[in-house]
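Chain lettering (A, B, C and D) follows the sequence in which the chains are written, and residue indices restart at 1 in each chain.
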Amino acid sequence: MIDNWRDAFVDLAYFAASVLFIVGLKRLSSPASARQGNQLAMVGMLVAVVATLFTRGFENSNYILIIVGIALGGALGYLPARRVKMTAMPQMVAIFNGMGGATAALVSIAEFSHKTDIPGGEAVSIVLGTIIGAVSFTGSAIAFLKLQELMSGRPIVYPNQKPINAALFGGIAVLSLLTLVLYDGNLTLARVLLTLVFVASLVLGALVVVPIGGADMPVVIALLNSATGLAAALTGFVLNNQALVVAGALVGASGTLLTLLMARAMNRKVTNVLFGAFGGGAIASGAAASTGEAKPIREISAEDAAVPLAYAQRVVIVPGYGLAVAQAQHGVRELADMLQERGVDVRYAIHPVAGRMPGHMNVLLAEANVPYDDLYEMDDINDDFAKTDVALVIGANDVTNPAARADTSSPIYGMPILNVDHASQIIVLKRSMKSGFAGIENELFHDPKTTMLFGDAKETINRLIGAVKAA
Amino acid sequence: MIDNWRDAFVDLAYFAASVLFIVGLKRLSSPASARQGNQLAMVGMLVAVVATLFTRGFENSNYILIIVGIALGGALGYLPARRVKMTAMPQMVAIFNGMGGATAALVSIAEFSHKTDIPGGEAVSIVLGTIIGAVSFTGSAIAFLKLQELMSGRPIVYPNQKPINAALFGGIAVLSLLTLVLYDGNLTLARVLLTLVFVASLVLGALVVVPIGGADMPVVIALLNSATGLAAALTGFVLNNQALVVAGALVGASGTLLTLLMARAMNRKVTNVLFGAFGGGAIASGAAASTGEAKPIREISAEDAAVPLAYAQRVVIVPGYGLAVAQAQHGVRELADMLQERGVDVRYAIHPVAGRMPGHMNVLLAEANVPYDDLYEMDDINDDFAKTDVALVIGANDVTNPAARADTSSPIYGMPILNVDHASQIIVLKRSMKSGFAGIENELFHDPKTTMLFGDAKETINRLIGAVKAA
Amino acid sequence: MEQNVLLGAYVFALAIFLGLEIINRVPGTLHTPLMSGTNAIHGIVLLGAMIVLGTANNWWLQAIGFVAVVAGAANVVGGFAVTDRMLEMFKKKPVPGGAGAAAGPAQGQGKAR
Amino acid sequence: MEQNVLLGAYVFALAIFLGLEIINRVPGTLHTPLMSGTNAIHGIVLLGAMIVLGTANNWWLQAIGFVAVVAGAANVVGGFAVTDRMLEMFKKKPVPGGAGAAAGPAQGQGKAR
C-alpha cells in the first residue's frame, strides 16, 4: 500500500516535471518571459530529481554515491557556468551538451549490460541511444576545444576524410545490426559488440566535427544539442520513464528546428555546415578579395574621426564579431555615454547574426551595461540609417555588405543586412582590409562616404574616447 | 500471428490518423492551407474508421448494422450539409455537434451497461463522458432550434432560473458520486443511477442554453463543441483508444481557446454569455437609444445616393448583420460590379465580428462571388477611410460605432471598429433608427457627413442599382 | 493497467498543450471554419460507437450502438462537408464578369492574414 | 508491454509536435539562450543515470552509474546556470550613469519583440 503511494508520488512528480518543462520551454521562446521559463524548467528538474530518489529498488548503499555524484557534477557545472566570460558561452553550452550525451550513452550501455529479457523495441533504443549519445559527446568536446582555441578554429582537412567517415559510419551500422540480431541468443557477445559500437561512435563524433570551422560551431552545437535530446528520449523508452521521453523529444524537436532557424538566419545550409566548406562562394570571393585591393579606400585618424562623432546629431553604432574579439564592449559603452552626455542621439543596430552566435551582440553589450533600450533590432532601425549622420561600424563586416542586397552572385546574396550605406557618413573600425566570416569583399569599404580607421578595436576605441574628450 | 498483425495494423492506422488530425488542425488554422487541412483530417478519419472495422471481437452479424448505420448517418449529415444556405451554417454546426455529444454519451452508457470489472479511472471517465455528452447534445439542439428560428432567438427567462439550474447541477453531482461509490458493489443499481444522470444532464443542457440569446449562439456552440471533444477523449480512455484521446483532447483544448478568442473578438465575456444578459450595458443603452431620437439625422433617397456613388473615385462598402438578414449580398455584388465598370475603386471592409458569426461576411460575400481580393480586413483598410469618398454602410451598426473608440462608459468601449467616420461621406442603409446587437445608439448616424437611406437592404440596393444605371 | 492510465494521462495532457499551441493566434476570419472543422474531428467518437455496435451481443446494446453509429456518422460526414463548403468559398476565384483589376494569386493569399 | 510501446510512441510523437510548434517563430535574439535552455532540459537524462546507479549491484555498474550521474548533473546545473546568466543580461536595467533618455519599463519589454 505504502509502496503504491510511493510509486504514485513518483509518477505524479514526473508528470508535473513534464508539464513544467513544456510551460518553461514555451516561456523560454518569448523574450519577455524567457528567464521565468528557464526557472520553471529548473523547478521541473528539481521535482524530477527528488522524485527519482524515491524510486523503488535502489540499494541503500548507493544513495550516498548518488548524492556525492550530483554534488560533484553540480559543482563542476555551476562554477565555470557562473565564472565564464559572456563571450565564452558557446563553448560552455558545448561542453554541457557533451556531458548530457555521455550520460545518455553510459545509461544505455549500463542497461544493456545488466538487463536480460530485453524486448526488441528496447534493444533498438539502447543501440541508438549509445550511438547518438557518444557522437554528441565527442562532437561537443571537439566543438569546445575549437571554440576555446585549444585547437585550431580553422576547418581541418585530412586526407580521405569522406571515405574514412563513410567507412566508420558503415562499420557502426553493421555492428549495430549484428548486436540487434545476436542479443537474443548470445547476450555476452552482443554486449561486446555494443562496446565496439560505442567506441566507434566516439571516434565518428570527433571526426565529423574536426573539419568544421569555428564560426559554424553554433549551428553544430545546436544540432548536437538536439541529438542529445533524442538520446535522452531513447533512454526514456528503455527505462519506461515518460519524463525522459517528453523532455527528450521536446528538446530533440525544438533543437532541430532551432538549428534550421539559426542556419537560415546566417544564410547557411545545415548540410553545407556539416559536409563542406563554404563551397563555390569561397573561391569566387577569394578572387574578388584579391582584385579588391586595387580599389581606393580612405583612411582616417582617430582624431579626425572624433570630430564628426562629437558634433553629430544621430550616431548609430554597428557592432560585429571584431568587437567581441577585441573585447571592446566596455570602451564602446564609455564612448557612447560620452557622446550622449554631449547630446548626441546614440543607438546600437543589432544584426541577428552579428558575431559568432545568435544574440552574441546583445549578450556582449549587456555585459557592458549598455541600456537595453538603446539596442535596436535590424528591422526596427534599418529605415533610420537614412537619417543618421554617422554610422560607426566596429568590427562588423558581412552584416553590412550591400552585396547581399544586390549582387545575386554573392554567396551571402539574400541575407538581410543593416543598411549602413544609407548613412551620411560611415566610419569603419577594423584591423585590415581582410574579409569577415563569409570570406568575401565588402563594397561598403570603398564607398566614397566611408572612411577606415585601422587597428584593434579596443585600442582604436580608446583613442577615439580621448579624441572626443578633446573635441 | 495473423491476429497480431491485425492488431498492429489497427494500432498503426490509429497512430497515423492521430498524426493526420494534428497536421490537419495545424493547417486549418492558417488561411492559405485551411481547406487542405480539413481534407487531411478527413483522410485521417477515413483511415481510423476503416481500421476500426478490423478490430477483433466484432460479431459478424453486426457488420451489416455498422455499414447501414454509417451510410444512414452519413447521408443524414451529407445532404443537409451540401444543401443548406451559407447563412444557416451555424445551426448546421450546432446540430452536428449535438450528434457527436449524443454519440459520446451513448457509448459511455453502453460501456457501463455491459462491462463488469471496471477500474476506477474508467468509471469516472464513463460518468463524465455521459454528463458532458448529454449536455452537449441537448444544448446544441436548443441552439439549433433558436438559430433556425423554430424557437424564439431572444433570451428566454423563466422564473427561478438560477435555483433550478443549481438544483439540477447538484442533483447530477450527487447521483454521479453515488454511481461511482456504488458500482463496485451493486453494478445494477449503479447502471440505473447512470441512466438518471444521463436524463438529468439532458435537461440541464437544454435549460442552460434556453436563456441565451440567439446572437450569442456562436460562442455557445464553440463551447459545446469543445465539450464534445472532451467527451470523446473520455470515451477514448474507457475504450483504451488513443486516437479518440488525441483527437478529443485536441478539439477540447483548441475549442476552448477558440471560444475565448471568439468571445474576445466580440468583446463579450464567456461567463456573461452563459450566465447573464448584456448586463448593465443593456439598460444604459436603452436609455441612450430613447434620448437619441431627438438628435437630427439626414435622410436621402436612392436616386440622390446614387450620384455620389457613381461619380466617386473610391468607395468602401461596409457590410453588417443587416446584409445577411436581407440576403442582399448578390445585389451588393451587382452594384459593386457596376461601379467598378464605371471606374470606381470599390472595396469591402470586413470587420471580424460583423454579422453573427466570425467570418460571416466573408462567407456571405464569397457566396455572391465577390472576388476575394476586394475584401479587406479591418486592420488593412482602416487607414484608408480617410481617403475614401463614400463609405456605404449596409446593415452594419455596432462595428462602425465611434463610441467604442472614445466613450469609456459604452458597453462596447474598447472593441476595435471600422473608421467609417473618417470617410468624406457616409451612406447608411438600414430599416430604422433601431440599434444593433449591442443595443446601443450609434453617433455615426448623427454625424453631419452621414445620410440615412431607410428600407430593407435588399430592396434599397436594387433601387440603388437602378439609380446608378440612370446616373 | 496502472501504467496505461499514466501513459494515457501523458497523451491527453500533451494533446491539450498541442491543441492550445496550434490555435493560438488564428485570424478571426477562420473562427467559424475552425469551429466547424474541429467539430468534425471530434466525430472520431464514431469509432467508439462502431466498437460498441460491433461487439454488441444483445438487441439492447445493438440498438444503442446503432443509434450512436448513425449520430456519429452524421457528425463526421456532415461536419467535414460543411467545413469544406465554407473553406471552398474562401479560396481565390477567377475575378468574375466585368470587374476591373485582376490581382495575382500570391497577393490574394498574402492578404488572407 | 506492447501497449506501453504504443503509448510511448504517442507520447513521443506528441512531444515532437509540441516542440516544433513552440519553437516556431522565435526571434533571433533568443536563439542562443534557447539553445542553452534546451541543453539544460535534456540533462533530464540524469534521472536515467540515477536509476542505473541506484539499482547498481556490482562495482562495474556503480562506476558507470557514478560517472553518468556526475556528467548528467554537470549538464543540468551548468546548463541552467549558464542560461540564467544569459537571460539575466537581457532584462531591462536601470539606465546607468549620465546617459540621457530614461524610457519606461513597459516600453523596454515591448521592443524585445
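Here is the rule we go by: a residue touches a chain if its C-beta (ideal position, glycine included) is under 8 Å from a C-beta of that chain, and two chains touch if they have at least 3 such contacts.
This structure is a prediction, so every number in the text was calculated from the model and none was measured.
Across B-C and B-D, it is B-C that has more C-beta pairs touching.
Put simply, the C-alpha centre of chain B and that of chain C have 14 angstrom between them.
Computed centre separation for the pair chain A/chain B is 46 angstrom, with centres defined by C-alpha atoms. Rounded to whole angstrom, the centroid-to-centroid distance between chain C and chain D, based on C-alpha atoms, equals 35 Å. If you average the CA atoms of chain B and of chain D, the two centres end up 40 Å from each other. Contact of a single residue of chain C with at least two other chains is seen at positions 3-4, 7-8, 10-11, 14-15, 17-18, 21-22. Shown for chain A are the residues that touch two or more other chains, namely 22, 26, 240, 242, 246. Here, these are the chain pairs in contact: A-C, A-D, B-C, B-D, C-D. Across the complex, chain D is touched by residues 17, 21-22, 24-26, 28-32, 34-35, 37-39, 41-42, 45, 48-49, 52-53, 55, 57-59, 62-63, 65-66, 69-78, 80-82, 84, 86, 89-90, 92-93, 95-97, 99-100, 102-104, 106-107, 109-111, 113-114, 119, 121, 218, 221-222, 225-226, 228-229, 231-233, 235-255, 257-258, 261-262, 265, 336-337, 340-341, 343, 350, 352-353, 357-360, 362-363, 366-367, 369, 371-373, 376-377, 380 of chain A.
Taken in their complex, chain D has these residues touching chain C: 3-4, 7-8, 10-11, 14-15, 17-18, 21-22.
Residues of chain D that touch chain B in their complex: 3, 6-7, 9-10, 13-14, 17, 21. On chain C, the positions that touch chain B within their shared complex are 1, 4-5, 8, 11-12, 15-20, 22-24, 26-57, 60-62, 64-93, 95-101, 103, 107-109, 111-113. By the touch criterion stated above, chain B contacts chain D in their complex at residues 11, 15, 18-19, 22, 26, 240, 242, 246.
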